[in-house]
Amino acid sequence: MELKVTDLSVARGGVPVLEGVSFTLRAGEALVLRGPNGVGKTTLLRSVAGLQPPLSGQVGLDRESMAYAGHADGIKATLSVRENLDFWADVFATDRVGKALAAFELDGLADRHAGNLSAGQKRRLGLARMVVTGRPVWVLDEPTVSLDVDAVAMFAWAVRAHLRDGGMALIATHIDLGLDEARVLNLGPFRARAPEPDDFDGAFL
Amino acid sequence: MELKVTDLSVARGGVPVLEGVSFTLRAGEALVLRGPNGVGKTTLLRSVAGLQPPLSGQVGLDRESMAYAGHADGIKATLSVRENLDFWADVFATDRVGKALAAFELDGLADRHAGNLSAGQKRRLGLARMVVTGRPVWVLDEPTVSLDVDAVAMFAWAVRAHLRDGGMALIATHIDLGLDEARVLNLGPFRARAPEPDDFDGAFL
Amino acid sequence: MMPDLGKYADAVLSSYGVSIVLLLVLVVASVRRARRVRAELDEVEQRVRRNG
Amino acid sequence: MASFWQYANPKKFVETTDRLLPWLSGLALLSMGVGLIWGFFFTPDDFRQGSTVKIIYLHVPAALMAINIWLMMLVASLVWIVRRHHVSALAARAAAPVGAVMTVIALATGAIWGQPMWGTWWAWDPRLTSFLILFLFYLGYMALWAAIEDDDTAADLTSVLCLVGSVFALLSRYAVNFWNQGLHQGASVMRAGALAGDTQERVSNVYAVPLFVCIAGFVLLFIALVFLRTQTEIRARRMRALLARERLQ
Amino acid sequence: MIALLVRDMRLGTRAGGGFGLGLAFFLIVVVLVPFGVGPETGRLSGIAPGILWLGALLACLLSLDRVFALDWEDGSLDLLATSPLPMEAAVSVKALAHWLTTGLPLVLVAPALGVLLSLPVQGYVPLVASLALGTPALSVIGTFGAALTVGLKRGGLLLSLLVLPLYMPTLIFGAEAARRGAEGMEITTPLLMLAGITCGTIALLPFASAAVLRVNLR
Amino acid sequence: MIALLVRDMRLGTRAGGGFGLGLAFFLIVVVLVPFGVGPETGRLSGIAPGILWLGALLACLLSLDRVFALDWEDGSLDLLATSPLPMEAAVSVKALAHWLTTGLPLVLVAPALGVLLSLPVQGYVPLVASLALGTPALSVIGTFGAALTVGLKRGGLLLSLLVLPLYMPTLIFGAEAARRGAEGMEITTPLLMLAGITCGTIALLPFASAAVLRVNLR
């Protein structure tokens, strides 16, 4: 299994932000996307995950094999940590809640209402959800925001375990993840150029 | 002017999380708070900023001299970047919008609706608000979340300028801010210890 | 023993019935919750004492 | 004896009420039983209302309690706001469901009574209407307690609501009176001459004595219930505190 | 699917979740009416079926923004969209959960409120029947409206505005059935129409809602 | 203070901000009533003042959760609390902004809707007068309710439950004034009472709201 992205162009708010992005991700590989603020990492990841249609280009795998985690975690404040994960385990028909809790050291917090977690603990819960999904491709947008050093190490460990099982990971980040084996793709060069001014066609651009 | 915090104990959700925190911050100094996820950094900062009453202990300055920026930025998606800052400039009765825009390189985005910014651009806008307030003590909770390397440098530069003007900064963070001159206070040792189990008094603990 | 309630028997009996049932529900609910919470607290308290 | 406020200590409160509760509940049971049995079996029918007068032994005590429990909650809320004694806030919380049930009883017995007397289950009489509004206040108060997780925050907010609500409940009483002049009896029980029996509206002694026994029974029942429920709230709160602290380690 | 239903019901019935509040709102609207129009029994009983239907509709409406907005805000909707659950199923389950927490309680409590508005005796069965048949349609249509407005911050009022015209046929037939019933007239025709509307919306609208939701997510 | 008012008005009138939606809701409720209760002119004109008041109240209620919830969610409220603006002022300004975007338009449009419900001619002045006097109280009381429920996710329905009983006196005097006016009776007493309530709430409630908000922020 491999994720092959060819010549992908993506737009946000009707304005093209990235053009001609291509990469291939094979089983057991991780790719780190880098680039300055506003270059279009979030937009690219949402397109890859199938949440928004790309302007042009192909994503080789369909959304059925991806698990996406964005800036927001989808955590229900009034459910306990375990209930939150149980729900996703049911939806994805897997039984990895115990594994996920262990991977992010959430056992001690399992019965706490998720609303009462600190910023970093919430983030850990959000990442634990990825383990629960059991999907081969993890699409992660700035996963280590608010995490302390230990938690970043947990995250790196979880990603490595996932890769070892033949998974893939596509991660956008600004900071060091401790995943030295991951390839890095800098998105700076793919910034969309302004189109010709008088190229006034059907798409108004 | 100095910020003298003596023997502060803070609680979250009725549970004490930190005990006996003391430090002094003099004009022109910055203090970085560190500690693992969930140790109570956010709680401490909110107490210092006067948003929640401490369990015991004193904060030497009143809230009138502090500007607080938490995990959420208070940005209005339907107002433009400039309108967002103008509002705070009016509330704090200052005229530093131009300076703030320049400090975080937001001039180019000034007329964009804030809802259409990327995560990092939003964060820059949130930090620009601190410049606008003109308050001497900046209380910042994980300010560099989602910022790229250049933006972190802008932030460090803005903090230095603030310190040079006689300001102070109290910053909780997990990552490196590039502020080498700042003192660091590790909150780990101040974790609240459990009181005796059968001390069943007015506060139920 | 039962007094003659005349044509209003329905009204009188049903109001007594409704009220007594409501009061009983309230009392029983209160007592049961009291028992449960007391037991739970004892258990927690013992555990804390053992660990603490 | 030091001061009354020592009972504001949760531990002291629990100990004291633990000793008092058996006596209180026994007394409540006794007086309610005596009052209701006396009223139901051993009082004559009214010449106008027939046997429906017997409803008075439930209706009037419940109605009085419904109002007075709200007043007690108001006092407890004030004590919490001014002196911040946790027991006081928890007592207000414990009393609210009792008050709501009393309101429901007053409404239900009134409705059942209304059918033979006024020919309708419900009429928009001011007294009845203000009871309905009171019920809404109870509902809102309890819903607010239930919705907020942090105990002290909930105590603060509900006591402010109780305060503001009391003012508005009073206002609505006047508004309702202005809006519709009603069918309902005046408050003759509480009137000075009631027992002396020299006014036209008096409740004759045959009815009054068991009625007072019933009222006493309801009051005692309320006190017993509030003690029990406040204990429960205190324990629940302590348990939450202990569990939270346990998680801290 | 069952997981989603269970979660939604659980969220709805947890503290602050809003179960029973639709009910309370219904109660309050009905209680308010006599204050607005005056307490005369004759006037009240004439408008009782209509007011009860209106109250049910408004209570439904008010709770619609809970259907998707919370899941949207915290990102769950993005995650659900990438999950194996087909969007149509998710939408239907959401509508069902909404009906179970809002519509059903309203149906059950409506007779009691009929008393407050002095609804004539023969009006109770038609009222309950029309509400039981009509409220599922209200939930399904409302879910469609909620899907349309999901991306908008505080779409609450816009949502009402969009959904109310869609509610019109249901309201007309429902209130008509209840009113005719109260006046002792024949009610099969409006009830049949109502049943038709409900079946039609349940069968077809979820596809529209799912499509709209997908557009809103990108 | 003026900055806050300007910002709130601007946010309210921006796309998705909700200005005019309260109005639309009012319109729709009033339009729905004839479908609910049947179209006979006599019956309608009898209940017209009450329905207009009820509609205004519900439209007000529905927009209340906008008062603080958005500012709470994005953290602005924390920032406002640490700003030089006293909380009492902030709360009053919020209430004023709410009235300007909701209450005032309702007052202005009510006569037009009176026509739809065949309100008698002599009823227009009392209706507008009672709405103009009463809606500020609705906004201030509503702001208190919004402050109480600000921390709760989707407190919308709970908010209604808490606020509606508080609205009762205002509604009774307001609707009574409008109704008596429509029947050509004396209306000074209810109008005076209404004015009293409005002044009282404006003078006192902001303190309670500010206190409650401070509690909710910690």
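By letter and in written order, the chains are A, B, C, D, E and F; residue numbering begins at 1 in each of them.
Here is the rule we go by: contacts are C-beta pairs under 8 Å (C-beta built on N, C-alpha and C of every residue); 3 or more make two chains touch, one makes a residue touch a chain.
The model shown is predicted, which means the values in this text are computed figures rather than measured ones.
Of all chains, the one whose Cα centroid sits at the greatest distance from that of chain A is D.
Here the largest set of C-beta contact pairs joins the chains E-F.
Remark: chain B and chain F have CA centroids separated by 37 Å (rounded to whole angstrom).
Chain C and chain F have centres, each the mean of its CA atoms, that are 41 Å apart.
In terms of their C-alpha centroids, the spacing between chain A and chain B amounts to 28 Å.
Once the centre of each chain is set as its mean CA position, chain A and chain F turn out to be 45 Å apart. Annotation for chain A: residues touching 2 or more other chains are 71, 78, 116. Of all residues in chain F, those that touch two or more other chains are 16, 73, 152-153, 155, 158, 161, 164-165, 168, 172, 218. Multi-chain contact residues of chain D (touching two or more other chains) are listed as 133, 136, 139, 143, 147-149, 179, 238, 242, 245-246. For chain B in complex with chain A, the touching residues are 13, 35-38, 40, 42, 71, 116-121, 124, 142, 145-151, 174-175. Contacts from chain D toward chain C in the complex involve residues 36, 40-41, 45, 50-52, 54-55, 58-59, 62, 97-98, 101, 104-105, 108-109, 112-113, 115-116, 221, 225, 228-229, 231-232, 235-236, 238-239, 242-243, 245-246.
Per the touch definition, chain A reaches chain E in the complex via residues 46, 49-53, 63-64, 66-76, 78-79, 83, 86-88, 90-93, 129, 133.
On chain F, the positions that touch chain E within their shared complex are 16, 18, 21-22, 24-25, 28-29, 32-33, 35-38, 43, 46-47, 49-51, 53-54, 57-58, 62-63, 65-66, 69-70, 73, 152-158, 160-161, 164-165, 168, 171-172, 175, 179.
Across the complex, chain D is touched by residues 1, 3-9, 11-12, 14-16, 18-19, 22-23, 25-27, 30-31, 33-34, 37-38, 40-41, 44-45, 47-48, 51 of chain C.
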